[in-house]
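One chain, chain A, links the two complexes that follow: it is found with chain B in the first and with chain C in the second.
Now for the complex of A and B:
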């Protein structure tokens, strides 16, 4: 046996072994491996960020802070656009799109490209976080491993979610938050078949991080006590956090859209955004970088700022992050959400003291912590992720009640003002937010071609009524598509159109079908979206429409067949 | 029924004109509808059943977009083909459109297949390999300069993909009315083995004009393939590592023959 044959045989045996293994067990094992690898990618990004940041630290003083963010964002954009040939941005919508519409297929290059580009952006002072890059990296690792094992779409989606869970779990050392993030934000699907592998991946991600970086939480635990008045004040904090989240989401998109119109070249746009961030950083250095140190100082009550400065810093961070990410820099919004939330919470506490100086309010650190959960829940519109992330990264289990309150109020307000989250906004605007088991999701999985009804008898426009009557006797259909001599679609003849003539034999040889045809009948293309087809049916009050391609009649599509397939698809997706 | 469709990625340059002429000629001869994509960016994604392939184009694909559609239409009409133009609906990212993979044929000009320095060396790039490997359609690799083909030639090596290639050859023969010729280089395999494969797959009538090379090197024997034939080859679509380790017959064929090719991959539904 030649070497080639041996290698090919080994491949075959390996595939057979994995295929024979119980599919659920295989899924769990793969999820574990993917979780571990995603965790490793998060550790690598942390290490790269730390090394590059410390290498650049001497340059951050004075004018260096103005130039560095521009340089970093520009280089990041160059790297992504010209070396990796990927679009700029943070990448989480790409993961969600792939899960919702493409069976979780992601490119291999995404497993490392964003790690490098976000290092360039963040370590140079850009206002962004490392979480989105590790999410796309983990998801891509998962997708490509799933491809190697030949998993089907649904299994692959679970593995993509596992990769995202492992990455978040590792970067924050927060396994529960990682798991909930993957399910709540990425998959939007809480079925047991996906929960178990994702939980395993999350644990593996956290374990890899603990093994390589030690079991430490990002922010030191402080015991806070929230009294009844503080809890009541949480409603107001929830509203403030919600408003900050809405402002953040709108500014992110607004700056992104405006800057794309103003500056055509990606690299120049990102560099200009970086320059603006550098300018802001000259006056308010708290806006630069990921900002974990700022969060620590706020929670530990070391951040010396009054009401105005805290409010200004909150708004400046929102602006800086919008400039960094909106202009094309690479990075995520988790860390900025934490900074915005903590500064906003501090500003809220200062406002409470200003308004009611006689009341013994809780420490500023508590409000900062609650603000973090509020902004996170509002911006992502994922309250569970916000609550569990804050609990895990701060170890503050005793403030669960106010955390839930702030997160719920903030997420509700945001949902009212911005129906979809920052991650989903772009997809929703393109009509591609197709969650499983929703109308849009189910219809997107069906196509006009697979619903084509071909049992309508096609008649020629020069056919006499006599011949038509013999056709009517043989079919149960009320519609008859009409074609001309070239075989082009002319229109439809309905049974009602024939009724005045079919009972009078005088017309049998005097009337031809072409005289009765309705040629203004709306028709659809085989490539039309089913939602558009249903809209057209509603507008025209039709139960079925002809499908026409290049003037040729292909068949009919009806509400009945759509409903039939819809139910079948619902059963498949619910299994 | 809908006619089969061929996807052509149009380049608004003289080289692009030649490949579009090739595609139009194929569509006219075989009775296939032409679907043209005029690129809106230098990259696009193709989502197959188990893989996603990013196709990177050079900037020449974006030349004079205002005249592209008009010129493409004129080129097709000169061959008697009425093209349809494809506009992407779905985008993975704002500059990354998704191109459907439900076509019946796809034309991959050599400039998609490889970097410009390798044009003419017969190199089939990794992206075309991945398209071949995952596509359910055959991949058409046209001549850099338009030349009408009047015959169909299948290179039959006995593999499952080669059997599919013969089936496609029969289909194209029936559609075009052009003669079909099958070529086999025996190598270490006996003639009887091939005959058994032909019998098992009920392909006897396709082998009426069967040329078998019992001696000589494979690449030397390729001289016998008619210059005016569309060459159909079955291919595994091996990745780079397998290609480096074991070599590639498809590579040799493309390097030696100047003809237009139709490559039939392992997932191709003929």
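Now for the complex of A and C:
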């Protein structure tokens, strides 16, 4: 037996085994494997980042900090656009889109392309985070493994979520945050059947990172004490964090849209963005890179800055990140959110001291920590992810109360000013934010072709009324689509149009169908969105519309059958 | 029982392309086999029940299947068997004797069957003339046979059956069908057969089962499923 035959035989036995296994158990096992693998990819990215960063460090000292970000961003854009042939951007919206629209299908190359491009962007000084690239990498690993096992769309989506959970869980060593991120941001669906595999993946992701990199939290634990006054002040911090998030979200989109208009050439645009970031970095080096070191120093009260500098640094970081990602660099907004939040929190504390110097406020580190949760919750509009991530990465359970408060205030303010989060904004503006069990989601699932009613009898334009009579006897429908001699759709005849004539035999040979046809009837194409079809029905106050493709009549689509299908579609949504 | 995607699409009254999408999205329990998707009937029923989805009742589905199937007169008559020298007084007397003597399915309650036959006769006689009657229950019996049966019963003496032509009856064809559709199909074939002059001559000789079945089979070969003779538009 040759090796190939052996492999084939093994594959067959393997598939048989997995098919006989209980589907839920299989899902959990696959999720565990995927979680481990995406955890591994997070570790690899971390390792690559630190190595490349240290290799480039000598260059950063002089002219390098100006040129390097431009070089890195340009190279990353070249790599993604020409070698990998993928769009720029950070990846999380792609994962969400794939979950909503394509049943979680992702390309295999996505599992590593963003790792390389984000290494180029971030290690060279671009202001972005490594989390989103790891998320798309984990999600793509999950998607492709699910495809290998022949899982259906629903199961594949759960596995994609598991990949994302494993990635976040591993990179932050924060299993709960990973799990909640996957459910809150990626899937938007809280059913137990998806929660359990995702939880397992989270555990596996965290475990892999602990085995390889040691069990340590990213930011050292500090015991903070928050008094009643501090908690009251948190409402204000929540508002500040919310405003910062809104500014961040708008600037990201604004720079993205503006720069695409100004510079058509992708690589050049990314390089120009990188240059601007480098310029900012000359004056404020804190804005460069992922910025974990900055967060660390702020939390540990090592960051020496007054009100002005802290505020300036916050704004500069927002600008630098928007420039990096908006212009086409590769990276996520997780880490920048943390930096913006910590700097913003620090600035808020400095402002409090400036306004009420007599009061004994808590340390700046506490406000920085709370600010991180606030900006995280606001920008992602995922308060739970914000709260749990901060608790886990700082190990500060004792600040839970103010943490919840800040997150809630910030998320509410953001939701008020920006109804959809940064991740969903693009999808929502294209009308593609189709969460399961929502009206839009249901309608997007159905297609006109599935609802086609073919029981209307087609009549020809030059048919006499006499011949119509016998057709009326045969059919139970009131509409008669009319075709001309070439078989093209002309219009509809309704039974009401015939009523004045059918009881008077004088008209039987005097009237032909073509004289009675309503040719101005609106019609729909088989590929139209169902939502548009329903809108058209409402506008024209009609209950059914003809479906026409390339001038040929295909059938009717009616509100009755849509409702029938809609209900069935709704009840099969549940597991 | 296993179902194919076409069957399930009929049961659920859904287009096949919707069903294919449901399978792809994992909205319906399904198994993959070498030649396409396979649904388990019991699993599908549980699935539909728990979601309040209406599955076409089995009876209707069977009616549809019956319409497609070709029920052979010969098979039904073989199953029903032939009995000779049936004795009895009047219509109810002979019917009672036939019901008792006929080789019927064990599940059938003979008393109930007898009552149903009498009910039908009271409505109007099933004597179709020329000494022949086709007694049958008006509706299929609740626990009736899966396969149709026709029992041929030759009477010992002529019985006044109230036929349209007033001729006393010498032979009964007791028909039991699983559904009205099957009943109509077989009735069509049988009445066509009974128009055949040579077959009527054979009947008068009160043949044994073998000869009778041979004659039926010879005639039935020329009939299409609906009971028409091929090549002619004559409806039996």
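Basically, the second predicted complex is superposed on the first by the 568 of 575 C-alpha atoms of A that agree within 3 Å, B and C clash if a C-alpha of one lies under 4 Å from a C-alpha of the other, contacts with A are read in each partner's own complex, and residues count from 1 in each chain.
We take it that contacts are C-beta pairs under 8 Å (C-beta built on N, C-alpha and C of every residue); 3 or more make two chains touch, one makes a residue touch a chain.
Computed from a prediction, not measured in an experiment: that's the story for all the values here.
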Superposed on chain A, are chain B and chain C clashing or fitting side by side?
fit
Identify the partner contact of A:150: answer first if only chain B is touched, second if only chain C is, both if each is, neither if none is.
both
So, does A:432 touch the first partner chain B, the second partner chain C, both, or neither?
first
Go through the superposed model and pick first if A:568 touches only chain B, second if only chain C, both, or neither.
second
Is A:395 touching anything from chain B or chain C once the two structures are fitted on A? First, second, both or neither.
neither
Determine how wide the angle is at the CA centre of chain A between the CA centres of chain C and chain B, giving a multiple of 10 degrees.
60
Thinking of the overlay built on chain A, is A:218 touched by chain B (first), by chain C (second), by both, or by neither?
neither
First, second, both or neither for A:445, with chain B first and chain C second
second
Using the superposition on chain A described above, determine whether A:98 touches chain B (first), chain C (second), both, or neither.
first
Look at A:85 in the shared chain and tell me whether it touches chain B only, chain C only, both, or neither; answer first, second, both or neither.
first
So, does A:514 touch the first partner chain B, the second partner chain C, both, or neither?
neither
I want to verify the contact counts: of chain B and chain C, which reaches more residues of chain A?
B
Across the superposed arrangement, the tightest C-alpha approach of chain B to chain C, in Å, is 7
The shared contact residues of chain A with chain B and chain C are 103, 150
Contact footprint of chain C on chain A as seen in their complex:
19, 103, 150-155, 445-446, 449-450, 452, 565, 568, 571-574
For a test of understanding, state which residues of chain C touch chain A in their complex under the given definition.
12, 14-15, 17-18, 21-28, 32, 51-53
Of chain B, residues touching chain A in the complex:
1-2, 33, 42-43, 45, 47, 50-52, 54, 56, 84, 89-96, 98, 245-246
Which residues, counting only chain A, touch chain B once they are in their complex?
4, 7, 85-87, 89, 93-94, 97-98, 101-103, 105-107, 109, 147, 150, 260, 430, 432, 526, 529, 549-550, 552, 554
